[in-house]
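Read the structure below first, then the notes.
By letter and in written order, the chains are A, B, C and D; residue numbering begins at 1 in each of them.
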């Protein structure tokens, strides 16, 4: 009797574990969790977006990178996929090797009231694509996969 | 454009491959040494048991 | 005296043609890496750094299969209680720990020039590190317990719970931070890269199979030696 | 039917008896609890020194510091909870009693839960004072998060201590086994507390709380299943 009962309990427990796993993995729990905001989202926050630790992700707007050799100041504009919403980013020190026009980047820091994002950390986000170089290709499709990756799917 | 940090890519590639092979060979040797020692112990135990 | 305590108390796996298989695997690995490096053009963004892909991604793949093996063999041991399952789980864990450690170091070497940092608290990196620590804990537990029965039961329980934890860790750190690219699949890759990667996957898998099998063989022989000498000591009374 | 109910009553009685026994021994040796609480507060103070005097930094780091203090102090409690049986050799007779083995685990779990719960309350109050954290508006949710985090922590702590306390080098082994397993629960508890006291706006507390619930359910069940194998060996 006791053995039968404990076996029943064990089966119930295993089913419970599997059920909870299913809920965790397929329950759509993580819809609200994002790794970074895009410039558009950060600007849309309005006043609530200033002076708080956030991560900002987007594309380096081509032609906006300014580098000062002496002060190691790096300034560039991060733009959304739509190319309309821009945020000026200020960072210190040499960027990673893959940093260039039109690459996807994620910067950590605070968005100041002076409309300049002070970055404490700059990371280049590489896509999962590996392509041989072809003439005339830009990093545009790379940023697309970056944006898809943001929904943590 | 800012200067690119760490111009020499190949040094990183070589480092990655080197660490791979060091690990593989190192663990390979460890496994075979364990195997040899175990076999040695078994032979010794069998010899002692047969006496 | 009854029959002398012999190694027949515990079946000792035979080496058979495994040594040959091992040397073949090693040769195949050299070939597949040479093939991959030789056939792959420099990547559009990463340049030659892309070549690290061929050892990094297969190594991390070994991590997943060894973890699955630990889970399955631990459950089998709890269910059937056969020593060989326990030792297979332990061998898989040891090989797994070795390859996870390797994956972490390779990843750092790759991360520095591409991302600009040796380490970042990204989801994949963090969960790999946690996985490594779970393996380390499992192996430490085994090292600290001498009695085989108890060691088997306990480490099997730790192995099963550790494996259950893996998807949860993965999910929690993914929510926490994600910088690593999504999983590379053959579809996201030019064909010139794909074949090189597939052949290296095969080479690493063969190597892991070989190492697990030989480690298991060693563990079984050691167990047999232990039991034989114990029986001899008892018989000598 | 009556038979089943009877057995349920037996199990419950066993659970209660073991929990009561553990709590009584703990209460008789008050030194244990006081020492653990002192350790928790000391760790909080050390975090305060490490993080510097900036009030904003302290507030941001408060949830993390708090959970780590509870974790480190709790580890001592988990090993202690089997110490009494081991010292007096009472584990074997306990196993000889008829009835399901998992009730031993549940009993110890409840006792540890009460112990760590009390510890948590004291450390949280101390932490709020030391780190200048105001009582958040969502305080009922914060209490729920604390409780859920404590359940995860105590469940795995009690389980792994049942092995570590009976091995050589238990001081090293318990943290080594336990801490990697606790990564999800600590992460979820810290992030949820953080979001609730308003230090980080990037994250949503709701998702983390669901994660905590799932983690607790899975591991309460899994440890109960595994315990029978562990305690007999």
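Of note:
Note that a contact is a pair of C-beta atoms (placed from the backbone, for glycine too) under 8 Å apart; a residue touches a chain by one contact, two chains touch by 3 or more.
For clarity, every value in this text was computed on a predicted model and none was experimentally measured.
Core chain by CA centroid proximity to the global CA centroid: C.
Judged by contacting C-beta pairs, the busier of the interfaces A-D and B-C is B-C. Averaged Cα coordinates give chain A a centre that lies 31 Å from the centre of chain C. Chain C has its Cα centroid 13 Å from the Cα centroid of chain B.
Chain centres here are Cα means. That of chain A falls 38 Å from that of chain B.
Chain contacts: chain A has residues 17, 21, 24, 30, 33, 95-97, 99 touching two or more partner chains.
Residue positions of chain D touching 2 or more other chains: 207, 211, 214, 218, 222.
Annotation for chain B: residues 5-6 touch two or more other chains. Every residue of chain D that touches chain C in the complex is listed here, in rising order: 156, 159-160, 163, 167-169, 172-173, 176-177, 179-181, 183-184, 187-188, 191, 207-208, 211, 214-215, 218-219, 222-223, 226, 229-230, 232-233. Here chain A touches chain C in the complex through residues 17, 21, 24-25, 30, 33, 35, 95-99, 103, 106, 122-134, 137, 139, 142, 145, 148-149, 152, going by the rule given at the top.
Of all residues in chain C, only 41-46, 50, 53, 113-117, 120, 164, 167-168, 171, 174-175, 177-179, 181-185, 188-190, 192-193 touch chain A in the complex they form. Considering their complex, residues 1-2, 5-6, 9-10, 13-14, 16-17, 20-21, 23-24, 27, 29-34, 37, 48, 52-55 of chain A touch chain D. In the complex of the two chains, the chain C residues touching chain D come out as 78, 130, 133-134, 136-137, 140-141, 144-145, 149-150, 152-154, 156-158, 160-162, 164-165, 168-169, 171-173, 175-176.
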